[in-house]
Amino acid sequence: MTGRTGRHFLHIPGPSPVPERVLRAMDRQIIDHRGPEFARLGREVLEGIRGVFRTQGPVIIYPGSGTGAWEAAIVNTLSPGDRVLMFETGHFATLWRQMAARFGIEVEFVPGDWRRGVDPAAVEARLSEDRARSIKAVMVVHNETSTGVTSRIAAIRRAIDAAGHPALFLVDTISSLASVDVRHDEWGIDVTVSGSQKGLMLPPGLGFTAISEKARAAARHNTMPRSYWDWEEMLKANASGTFPYTPATNLLWGLREAIAMLREEGLDAVFARHARLAAATRAAVEAWGLEVLCQNPDEHSPVLTAVMMPEGRGADAFRAVALERFDLSLGAGLSKLSDKIFRIGHLGETNDLTLMGALSGVEMALAASRVPHRSGGVLAAMASLGAGLDG
Amino acid sequence: MTGRTGRHFLHIPGPSPVPERVLRAMDRQIIDHRGPEFARLGREVLEGIRGVFRTQGPVIIYPGSGTGAWEAAIVNTLSPGDRVLMFETGHFATLWRQMAARFGIEVEFVPGDWRRGVDPAAVEARLSEDRARSIKAVMVVHNETSTGVTSRIAAIRRAIDAAGHPALFLVDTISSLASVDVRHDEWGIDVTVSGSQKGLMLPPGLGFTAISEKARAAARHNTMPRSYWDWEEMLKANASGTFPYTPATNLLWGLREAIAMLREEGLDAVFARHARLAAATRAAVEAWGLEVLCQNPDEHSPVLTAVMMPEGRGADAFRAVALERFDLSLGAGLSKLSDKIFRIGHLGETNDLTLMGALSGVEMALAASRVPHRSGGVLAAMASLGAGLDG
Amino acid sequence: MTGRTGRHFLHIPGPSPVPERVLRAMDRQIIDHRGPEFARLGREVLEGIRGVFRTQGPVIIYPGSGTGAWEAAIVNTLSPGDRVLMFETGHFATLWRQMAARFGIEVEFVPGDWRRGVDPAAVEARLSEDRARSIKAVMVVHNETSTGVTSRIAAIRRAIDAAGHPALFLVDTISSLASVDVRHDEWGIDVTVSGSQKGLMLPPGLGFTAISEKARAAARHNTMPRSYWDWEEMLKANASGTFPYTPATNLLWGLREAIAMLREEGLDAVFARHARLAAATRAAVEAWGLEVLCQNPDEHSPVLTAVMMPEGRGADAFRAVALERFDLSLGAGLSKLSDKIFRIGHLGETNDLTLMGALSGVEMALAASRVPHRSGGVLAAMASLGAGLDG
Amino acid sequence: MTGRTGRHFLHIPGPSPVPERVLRAMDRQIIDHRGPEFARLGREVLEGIRGVFRTQGPVIIYPGSGTGAWEAAIVNTLSPGDRVLMFETGHFATLWRQMAARFGIEVEFVPGDWRRGVDPAAVEARLSEDRARSIKAVMVVHNETSTGVTSRIAAIRRAIDAAGHPALFLVDTISSLASVDVRHDEWGIDVTVSGSQKGLMLPPGLGFTAISEKARAAARHNTMPRSYWDWEEMLKANASGTFPYTPATNLLWGLREAIAMLREEGLDAVFARHARLAAATRAAVEAWGLEVLCQNPDEHSPVLTAVMMPEGRGADAFRAVALERFDLSLGAGLSKLSDKIFRIGHLGETNDLTLMGALSGVEMALAASRVPHRSGGVLAAMASLGAGLDG
């Protein structure tokens, strides 16, 4: 093994690398979570996080993972027996569906091939058919971390509106928030679910739900038993910058710093950077003669690129070479894509040269693994990045 | 304000000060939670944490707070309509009861005056009466953080056994674990609930449940809807050192270091240290002529000491003086004890001189606030500590 | 050994505890010391440090220790054969004299008993006698770290002026800067020597010389061979925020933070705090029935207090008990005071409760060592601190 | 500017990137430098650093820069009027010569073109001519950081021996130690000078001199005035793990960690890694059609590669583009090479993908600056790295 000196290249689609500034912000002594210094911190992050979700309304911050925030979205707004509309866009959509089922939700799961996102026309068609308005919620994964496909949330919103359907709109932005544009208010999302360890560039350990007035009203009447994830006590405590149970203070300090960094760069610049890096990655993949999993050019993920292995070659052996020889972590294929794809993360604390290091590692690992490919992906990526700069 | 230079004295009963070693262990770049390095970390902490709970069985580690671990204990083992026996030992017992009620559990809540712990005789009496064995679980808070009273878990276990009752035994050790002896296996506890931010000396953000075979069997038949807190998928993933959803990696690094520190000092030495500091604190309180809230000498908490304010004097104004003048954070009285008591934490990363600094701060703040008291508490504390050393 | 859990109490008279903010500021990746980001840092600290020395003129920052800055003062301004006037105020004055002698300087060393500072009248008398103006420099240690005696620099300046003597005035403020008032310009100091690890609250590794126009002019004509410590190339590079050889970048980040902290608290408040803590310490010593080494009430050090052991008792055995039992580091007696005194540092990142912790440790260690003393020093200290607050 | 998000690519030839482990090791509270914990640290680093210099003899560790260690080598072994033989290999050799001249040393400076190292034959010839043995020392810069040329120290040793000349052999390994093989004992070096911020992967702030018995004997008779840099008191204190003046404790913690890292990888593996990265860099330069400054294939530096700009193109404008667009720091040309070359550092905490990121940045910056070149340097570098792996 030659690669284990120097910096690890973490190019899984999250957790993403944590900036030194964020690590440093968290590296400090704990304080009284009921004292005045904490209250200032609490108010600051509760206010600041709204800007990231592009909402005027409340955002709940949980100690927990993004999976917990999924659960929060479900148990606050849905009851056993409720019907919801979901879409098989990949592994995480499937997991969210399983979770809903565990809570007794009846999920209508529109099948998919894991190579494209949610079709807005299908949403409109299905909701229009639902004359009885029996569908309580439409639940969509914005960026499928397992496939590198980003569904078009604004278009889906328009589809719901076109159908004139009152369903709640619940969107998982765990791997898109702060990397891809998310507009909670403008897009009429009722619950936007997210986590700390992707675009927010924090370690894992915080879950988020941004909630609309409509979602909050639904929660008030919802009888699903719940406590930890319940919104109302959270909102009551949050009014004074505190939390109903012990918050993950050090992660909140990190969150404060991450929000400051996003503001300094500017959210739109952040999104443009992700798009540039993603385009360069696809250019490399194409130059290698490999295939990107996502088949809809309008849905390529700015966060990660899933690459299909040539027939007969295992992705996991290739990834092991990348890790062993070049200290490069790539994402694995999940469930039905297991061993069939590898995923290149290009999100968060990433820039042109970090990406070029990673793509060089992929190209060298392809060669070292004798995976059939053309060389020169890195040149194509550089050309793409250069064009991006001049454009 | 004169006190805000130099180190803050955090003497609330948790979160407790985080050792520099633990902070440093967490201050590092994130890694792939599906890669081999993480698997080693996962296995190491999953194994190491058992020793802290003194169990051979599994301990589940959640990204979340201790409150979440409470919920895990409930939703895994109990179903709506189940009856449980709980005891009003203080604020946290009351909160846990409210949580149970939210999940449809019928709680028989034995009233208490918040100045003593659970009476083992009462447990035996009540369970003996329950001929129908309708009580599904006995739920006890080991160390009541709101009152400084530590219930005697081993004696309660004996009481359950004396009654020959099959109820599950669920114990909240959030503020006792790694400060006071907790013996999950030996005491026949079925679910031991805990959190990261007290005796484990970590920042908040992890919840724990140690589970017995009996608890796990109960969970398999339990129909309460659950997902995030569900034990079975956790245990399946834990077998290979991984987790079913993204774990709070940086806190796990901290946990590894904290476990190492506890091993180096030795759990019994840790408990003896807490007992010494608590005795010195009570000596100071007595010398000041103030009253300790806990009325049963066998139940004084080694973790914190709750002190009653003289009649007519508000505790919160006093605490504000301690904070403003001496940069000393003391715990507030909660709910019905609000403004009536203050709490001195002496847990975790604490030693003789840290305590003496804190007690000096209390004595000076009493003087500065003109709270009626005798001076010399610090002398009594020093005498107690000195005796402890020679003994 | 019971004391080694929890925070170490570092109460030597420097290095002093480093604030978490300063540690965090230094804990970051290195940058190009010839690039624009460094130039901003360089300019900022070179400008900011002037305020701490209270000078409009240049301050040189060396990678090195305070001892190196002593050498810089000598080799830039003095030549072999030059005569200087120095005073035996303690260990460090003696060391500085030895250093001067190594460079061929003829030192007239006024004897002293290590219990009082430099007598301004003696300075005036000696300089007045020096009709030939053969004395090239007066060299004084401001705060004798070995004795806890602080010489009165302003009065010595007046004495030099009263004698109408043109000697350079070189002052060692290694342990006084940023703890005791130092006024380079107002007091007409020609070279003010200092270091990073005392009042500046940084780790050791930086030495400083603030220099007057007169000192700089003397350096231009001085023939002593020198390179590393030479001022001129430093000043040339400093003009653009850079350094002629690789600077200790991470310590400079720490310095920037430390300067910010001193500004936030305010230098005068910093000095008042040190004076308060010193008074409380002396109150404790007096109450214990022990003797403070410093015999002149006008020269008590705000930085440290040296305490004489009762006849026949070794200070080092006592300090060993303080360290072993209470994890408290006290300063040793140096050279002729070896084993006769211990020194309590109360400088830098220190506050009322840190001091009370330390004094409690001293009192308990006195008891544990069976050193004859009266108990109650901590009460006297608290009374002193309380009076200080009301005053 | 697009590049300033994500990690900075620091590819100057030192200071080199500091590993997270080393930063973390330094990020801790200061301790008593006269206490037992420090003595353990002191002994450990004083012992451990010998292995890095490959010597059984003492290595002095100074708070200071490598420039200070140069001065230490001179003032301990040489006296005003002594003659020494030096070689104009580049900027740093020239600076060292200037320093020697400041101390009254008569330097015979063999001219050079900055494109090759010291010629062993010239050394032998010159020393053989010196029948009077008037040359007191031969002083050589091992790795010229300004040019990327590494002189062959073992061959120069043989040349000295062939001439049967008793001159001391002083070698500057500031930018070679722990990156290129240095064998203090085997190569009969008398003073090996080094610093912390290159191959040792520490921040700047420590200087080193490894000294032979012969050098130490010379120092004992040497009359050059000195104090801070004097070896004898250092060696006396070092015997018990302490230092005669306050050491830079936090950097020593970092040094302990860095030594551990070098041991884990193995010094020979470290050198092989540097050689691999250097070869890949030269392959890229050649593919771009640019010229490497170093003209002797036996003297290519494993630490850095200096690249000549095409006629008429300024290197500094190019470097500014690399910094602005790609957040890549490259080294500037120094003194007579100013604006004519840029230097690519590939030392210390560096690996294949970090280098590929940097080389991609160079290639993109060449394109963005419209510097005439052929594309494809990164492909050549990858081929070189791949070949290195298979070999």
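Each chain carries a letter (A, B, C and D) given by its place in the written order, and its residues are counted from 1.
One rule holds in what follows: contacts are C-beta pairs under 8 Å (C-beta built on N, C-alpha and C of every residue); 3 or more make two chains touch, one makes a residue touch a chain.
This one's a predicted model, so the numbers in the text were calculated from it and none came from an experiment.
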item: Same or different residue numbers at the subunit C/subunit D copy interface, by half rule; value: same
item: Chain of greatest Cα-centre distance to subunit B; value: D
item: Separation of mean Cα positions, subunit D and subunit A [Å, integer]; value: 45
item: Centre distance in Å when subunit C and subunit D are each reduced to the mean of their C-alpha atoms; value: 35
item: Separation of subunit B from subunit D, taking each centre as the mean of its C-alpha atoms, in whole Å; value: 54
item: Touching two or more other chains - residues of subunit C; value: 17, 24, 27-29
item: Graph class of chain-chain contacts, one of line, ring, star, complete, other; value: complete
item: Subunit D-facing residues of subunit C, complex; value: 8, 10, 12, 14-18, 23-24, 26-36, 62-68, 71, 80, 99, 102-104, 195, 197, 203-205, 224-228, 230, 244-251, 323, 329, 332
item: Subunit A partner contacts - residues on subunit C that touch it in the complex; value: 20, 24, 27-29
item: Residue numbers on subunit B that touch subunit C, as the complex places them; value: 2-7, 9, 17, 19, 27, 265, 270, 273, 276, 325-328, 349-354, 356-358, 360-361, 363-364, 367-368, 375-376, 378-379, 382, 385-386, 389
